[in-house]
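Following: one structure in structure tokens, then a few remarks.
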Amino acid sequence: MPIVTIELLEGRTKEQKKQIAKEITETIVKNGNAKPEAITILFHDLTTDDIAKGGKLLSEK
Amino acid sequence: MPIVTIELLEGRTKEQKKQIAKEITETIVKNGNAKPEAITILFHDLTTDDIAKGGKLLSEK
Amino acid sequence: MPIVTIELLEGRTKEQKKQIAKEITETIVKNGNAKPEAITILFHDLTTDDIAKGGKLLSEK
Amino acid sequence: MPIVTIELLEGRTKEQKKQIAKEITETIVKNGNAKPEAITILFHDLTTDDIAKGGKLLSEK
Amino acid sequence: MPIVTIELLEGRTKEQKKQIAKEITETIVKNGNAKPEAITILFHDLTTDDIAKGGKLLSEK
Amino acid sequence: MPIVTIELLEGRTKEQKKQIAKEITETIVKNGNAKPEAITILFHDLTTDDIAKGGKLLSEK
């Protein structure tokens, strides 16, 4: 049942997400005693107006 | 204060969400000692590129 | 694949959570075109020091 | 490393988010022993169809 | 209805959380057109085994 | 800034989490254009009373 949520800056392609989802699933299967079909991965794409580091929006920098 | 977040594949209609929100609120009121107005429900709609099961994006299947 | 996360004040019994999980699953099956086995529900129990409303921790009130 | 996620009704401007991110970062630095550059803030904008209070979507009210 | 979730390393005192909750509520009221009583803040305390930066758990460093 | 949150059944050891954090960071660096030190991973351990699949708590099964 592991559920993995990834908050990231928008712009990653479907190809990149596909590879990330595949490899994260593999590492949890290998190291975490889980079956692949029990693992869910969710991507939340955020804009530069919706992320701040050090008190500044990414779009301000 | 219960806060319920529902991550789901996009495509549910407003009518479906309305019914789901109504019934989840009722079950938490009935079983969880909460007042209806204290319950917040949030829907996060995700595309088939943003959900993976078994190491594959839904859009790959 | 709907994933439902419930943030709530600690103290609900296993029996209460069991009933809430059962009924939320039923309403999403009925209204949201999902199979029961695809629905995951997660409870996050929080203490009164870890929830604030109106600018005050519940433990302050 | 504090990570702050803010779920809110869409419609706040970039200027509002900028000010909120700045001030939340300051309060965590001042009160929480964290360095500004270690603090991440994420905004999740939701529509009135994706938020329910008291069993009703905001768009129903 | 803004809901603010703060993921942070355990060890902040109740007094620190109280002050953080108060000030975050004030900044959202001032800058985000929300009433104080509509704002919920949740703290999730995590151990050094449950946070990784740069590929290492905090407890490894 | 990718932030990865992993909800999983409690019981994974520190050694398992260490390996999972290391490998997830590597896959996001390799496939997602991020620097290792910008990647945060959070583990949320849940008990069998706090996870339901198919309408039943894991502790009921």
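Quick notes
Each chain carries a letter (A, B, C, D, E and F) given by its place in the written order, and its residues are counted from 1.
One rule holds in what follows: a residue touches a chain if its C-beta (ideal position, glycine included) is under 8 Å from a C-beta of that chain, and two chains touch if they have at least 3 such contacts.
Fair warning: this is a prediction, and the values are worked out from it, not measured in the lab.
Taken together, subunit B and subunit E share the touching chains C, D. Shared contact partners of subunit C and subunit D comprise A, B, E, F. The chain pair with more C-beta contacts between its two chains, of A-F and B-D, is A-F.
With each centre defined as the average position of its C-alpha atoms, the distance from subunit B to subunit C rounds to 11 Å. The centroid of the Cα atoms in subunit D and the matching centroid in subunit F are 23 Å apart.
Between subunit C and subunit F, the centres computed from C-alpha atoms are 20 Å apart. Along subunit B, residues 1, 3, 5, 7, 40, 42, 44, 51, 53 each make contact with two or more other chains. Of all possible chain pairs, the ones that touch are A-B, A-C, A-D, A-F, B-C, B-D, B-E, C-E, C-F, D-E, D-F, E-F. Across the complex, subunit B meets subunit D through its residues 5, 14, 17-18, 21-22, 25-26, 36-37, 39-45. On the subunit B side of its complex with subunit A, the touching residues are 7, 44, 46, 49-57, 59-60. Across the complex, subunit E is touched by residues 1, 3, 40, 42 of subunit B. On subunit A, the positions that touch subunit F within their shared complex are 1-9, 12, 16, 19-20, 23-24, 27-28, 31-34, 51, 53, 58.
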